[in-house]
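One chain, chain A, appears in both complexes that follow, with chain B as partner in the first and chain C in the second.
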Partner chain A sequence: MAAAEFDIPEIKDDIEVPRLREGVMAHAKSFIAGEAVQSFMGYPHELGEDWKERALDKMGDLLGKYRSLKVFLDACVHCGACTDKCHYYLGTSDPKNMPVARQDLMRQVYRRYFTPAGKLFPKLVGAKDLTKEVLDDWYSYYYQCSECRRCSVFCPYGIDTAEITMAGREILNHVGMGQKYSNEILGKVQKIGNNLGLPGPALEDTLEGLAEDIEADTGVAVKMPLDVKGAEVLLVTPSADFFSEPHVESLIGYAKVFHAAGISWTLSSHASEAGNFGLFDANYDVMRKVAMRIRDAALELGVKRIVVGECGHAWRVAYSFWNTLTGIGYGGNDPFSIELQKQLDPTYPQPQHICELTNDLIKSGKIKVDPSANDDLVVTYHDSCNVARASRMGTEPGGQFAIPRELIKSVANNFHNMADDTIYESTFCCGGGGGLLTDDLMEVRVKGALPRATALNNVVKEHQVNFMATICAICKAQFTKVLPKYGFDMGMVGGVHQLVSKAIKLD
Partner chain B sequence: MPMVNIAGKEVEVDEEGYLVDLSQWNEDVAKYMAVEEKVEMTESHWEVVNFLREYYAEYQIAPAVRVLTKAIGKKLGPEKGNNKYLYELFPYGPAKQACKIAGLPKPTGCI
Partner chain C sequence: MSTVTMIYAGMFYIATLLLVVGLAYKIFDYSRTPAPLKIPTTPAPTTQKGVVYRMAKEVVLFESLFKSNKWIWVFGYLFHFGLFLVLARHLRYFTEPVWFWVGIVQPFGKYASIMMVAGLAGLLARRFLVDRVRYISTPSDYLMLVLLIAIGLSGMLMTFVAHTDIVALKGFFMGLMYLDVQPVPQDPILLVHLALVALLMVIFPISKLLHAPGVFFSPTRNQVDNPREHRHVAAWAARLDQNN
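Right after this comes the complex of A and B.
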């Protein structure tokens, strides 16, 4: 792609806090969505004369709907604890990529129009008029935040910059400045069933081909079932798992697990996508519509369990929001929810993460693995942000960290963690999450990956690590694209179930 | 959307240089896109591009990487039926770069 040239940061021994370079990333802007994409979503595609009123109306609406937003805008005392915690600041050195500065882009406007002090004495309280210049800054810097929430871990008040970014993007949507990448995907998932735009017949053809490949490799007829009514498990997984390398290796891994355990399962062409980009903007209705596809598919297919594949934000939406979004979890009392509650098997977590399912099967001896099949690898694990900081897995606190690692260690003999302050709840984002995984933001993506690349480099040097496993389609796509810029081989990134796939015994 | 003149014909492309109207594709368009992408078209490149177009005509989407590698392996020999070979041909990645040259829309999502 004829993308603008930029310097690749140098990996140092430690993650260093850079000197401020004001405005160096102001030019980074992803493409704005055009008319077709915006109108499907019910948004305008250009700024009207009344954009400022529309923006402030929407801001008022969001402040009323989401109490968290108001609390986060009010609570900051500018203590500075977050300033060196964002991977985009560490990688770009632009001070507006410090979480507090990103928040202040909205906070200054909030104070000006929604607080008495800001209305009367704007200069005294750092309040600022909403101008086109401010709006452009929002567009630029709210798409240099991957909503990974690392800063919130270090904020003494727990301010979650992601919520402010989400609100900022939704206001931008309402004035006609939607992002092409995310909004085009939100259209496709609703019209076609997945983010890729993979129609049913293509999905069927792809799955048939994969089943042939597995049989050719292993001699075992492992199925890739689609739209099978009465299957026990509905698996929802990111559509990248059907399409891309290394993602597809994990899909093959899931299929082998179900086969070896004798669990009947199916994918759905209606809900052939686990990812929910509705999470990335503060638009509950869109997130709900995208989530409803999965509930509808579960009802239609009559499944007993819903399992989610390797996808970070899908798991956050599933674990944390399906409950209130669609009643798949607990609490829904509309007829649909009651029907679904009766249908789903209460002896399993609903939804369940594929890592938990596979780990349980290995621990209980229901499937057998040979970890020496991965003896060519020295493995480390990248905690994906949405799994790490916005969800859980299993029954114990910290299960989202322990279960994937336990699973990796049962299928691979050589494992080393990266530095403590870069994993678990302090994990660094891959640099491509939250709607940033687009070619027009390549500079932001490459620079934002610097902290993770630094931590990886250290375990490569110390322990000869040659494989970084992760459980998110965005992480996989991002790392295979940007790690080569830092001198790493793209083949050293893959899914946890890629390792399972190699080690599992099928006979 | 910007218009570009390719071999005397006005062709519409999107912000990222992908063809807007698929029916405007011809070999000159492919050659123009390849120059933009700094890809030197050989017979092997054309095999990939032609397969992408055939697949798209049937399924309205670019083929998944596994589908593509298998097809290329059958046409050009098993040693070429892998992702590494496709990356040698299309260094920015077969899905995006080869699609662009083949005049197909850019695949979206977590890829």
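Right after this comes the complex of A and C.
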């Protein structure tokens, strides 16, 4: 089924807050997962007789497990501070894409079944029965949220709609309304080892081919090692890096960095994926299982360091959750985490972002770069949402903004930031994150990219920017597909290590 | 003792009980519910001290709201800061002798009521005038503001226009506190004012007014950004580690 036609929004001089148009995005629904996908995940694939009880049971379960959900559903005062902050509202003008309204889809049900006020006076407090219509709204609008956390920056109580979206999707999973795109990927990563379903031998071939290409290109035998026991570094990177453009250019960049610095490294066929779509639903077990592949690979290969490639949500999971989920990090005093932590080299952060690693190597002079190799480019940098608002690099708060920019400026001479209210903690999501990077949501993706496209357009006009660097596989895939609809060249999007790759000096 | 006094005494005992028990239960419930994952909105402080500072800025200055929307910040700040001073001023009805600083705050508390009502009026106007805010507003959102405005206006009437017998009023509340009920002054404006306050107290723990304790429990604001250095595991999640 082809996606419906839709108008591409027009880029204005500034990001404008539209007047609301009710229901204009209610039709946007991603494909629902079928039986095979759902049953592998342990979910039903259709609504049973008892769907309502199942939904409310799951909601009660999540309310008991996640303080965020409980506090966020209670604390909102409907002040409206978040109403103009979501890129999907700005791009679509559908009021249910305002963060508070998206939350209210669940809050109305929470109030009806879990609070005295909503049980006694539902109309007064905006409480609603859980009906099939409400459930359909959940499915529509919880998959028009990329869980980017921009709203949480601006909420006076720090309410993070992502937490509610995740819970909403998990409840939908439990009543048989899983999303085909995300749940299929969660199946593949658990069965095969990566989101793209690329089996070990195919991966080996791909990597050999890439190593040959680099040698043909540079005359230097840069290796692409796979499953090497005793390597110092295990590199975990999004599987898109193995063959998607422009992602692969960054993979080549990482390989050159390790080569130039003389660090032994390896990829793992068992953990050939940094991405963890388990983040997108409130299913701790699934997220943990997916993350455990990295722990297993690290133990199996005996590596001393774990480094993560350019991927936004993967870095959130790695930085913020790996220690919790799998013991990759420091400070564990239980046998489970000690087993791994005693193996890791305590002189490095664990896990470490590839940008932290490369930036340190350049600053300490261990690798040499020639920024003039990128003189054909005028570069800007798109802060990926999960890196910006859900993680850190380096030792100081805000290192996630400073380090990638420092790195870019050391390998390229021309750099300009986009407008301040569109970068750093206020960065706009690319429009394709959080499980929305699927063709059946193309309208949502294109419209959601409007704020970023507007900010980009302004630096293109003012500073002749012709390259937007980013450190996220989803951002790269989304922008190369969506920016051309706004008249930009798809080639102007790429990774930070794509720039490093051009500038690095190999001996 | 008059019927009115008995009704008002009973009303305030019940309202206080519901407020205290209700809030205590919600705070207990928030604190027993684990936050299994590290989810501070970053950039976030890397130390506990830093978190206290971040939270203080949030609670005292409404920092995030300031970043977000200057109109809501101005109205919200006028209201909350005005309310704070007004409440401080009201402590004179519950303390004998009146605390030193409560004495100092009296003239400020008097005029703060104007700030408070002006802020509330601004917030109410936004609910009607801004299409996005109108869309998300429920009947209770309007009524809550109307209730607070009615409390503020009835109080201002007694402060600025028709004074009530505040000595007797103080006697009534001190009597309630020492379980020795004294007559409540039977001034209609005062009785309306007091009834609305009792209603607000009852509503507090079952409404969006829970944002007041809630903000302190918000994981995006109260967590330290140190997940690589410290292993953070909730009790229910720690059990999973033992199965490996």
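Definition applied: the second predicted complex is superposed on the first by the 499 of 507 C-alpha atoms of A that agree within 3 Å, B and C clash if a C-alpha of one lies under 4 Å from a C-alpha of the other, contacts with A are read in each partner's own complex, and residues count from 1 in each chain.
Following the convention adopted for this analysis, a contact is a pair of C-beta atoms (placed from the backbone, for glycine too) under 8 Å apart; a residue touches a chain by one contact, two chains touch by 3 or more.
Please read these numbers as outputs of a predicted model, since none were measured by experiment.
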*Put chain B and chain C onto chain A via the superposition and say whether they clash or fit.*
fit
*So, A:Ala390: does it touch chain B (first), chain C (second), both, or neither?*
second
*Now for A:Ser68: first (chain B), second (chain C), both, or neither, which partner does it touch?*
second
*Give me the angle at the C-alpha centre of chain A between the C-alpha centres of chain B and chain C, rounded to the nearest 10 degrees.*
150
*A:Ala240 contacts which: chain B (first), chain C (second), both, neither?*
first
_So in the superposed three-chain picture, is A:Thr324 touching just chain B, just chain C, both, or none of them (first/second/both/neither)?_
second
*chain A: partner with more touched residues, chain B or chain C*: C
_First (chain B), second (chain C), both or neither touched by A:Gly209_ = first
_A:Leu437 in the overlay: touching chain B, chain C, both, or neither? Say first, second, both or neither._
first
*Thinking of the overlay built on chain A, is A:Val379 touched by chain B (first), by chain C (second), by both, or by neither?*
neither
*asked:* Between chain B and chain C, whom does A:Lys180 touch in the aligned arrangement: first, second, both, or neither?
replied: first
*If you take every C-alpha pair with one atom in chain B and one in chain C, what is the shortest distance in Å after superposing?*
23
*Touching residues on chain C, where the partner in the complex is chain A*: 26, 29-30, 33-39, 41-46, 58, 62, 64-65, 67-69, 72, 76, 123, 126, 130-133, 135-141, 143, 206-208, 210-211, 214-215, 217-221, 225, 227-234, 236-238, 240-242, 244
*In their shared complex, at which residues does chain A touch chain C?*
17, 19-20, 22, 63-68, 70-72, 74-85, 95, 98, 100-101, 104, 115-117, 121, 123-126, 149, 152-160, 163, 284-285, 288, 292, 319-321, 323-324, 327, 329-334, 336-337, 349-351, 388-392, 395-398, 400-401, 425
*chain A touches which residues of chain B in the complex?*
15-17, 36-37, 59-61, 63-67, 70, 83, 92-93, 95-97, 105, 107-111
*What residues on chain A touch chain B, complex-wise?*
1-2, 31, 180-181, 184-185, 188, 194-199, 201-202, 205-206, 209-210, 213, 238-240, 242-245, 247-248, 273, 275, 311, 437, 439-440, 472-474, 476-477, 481
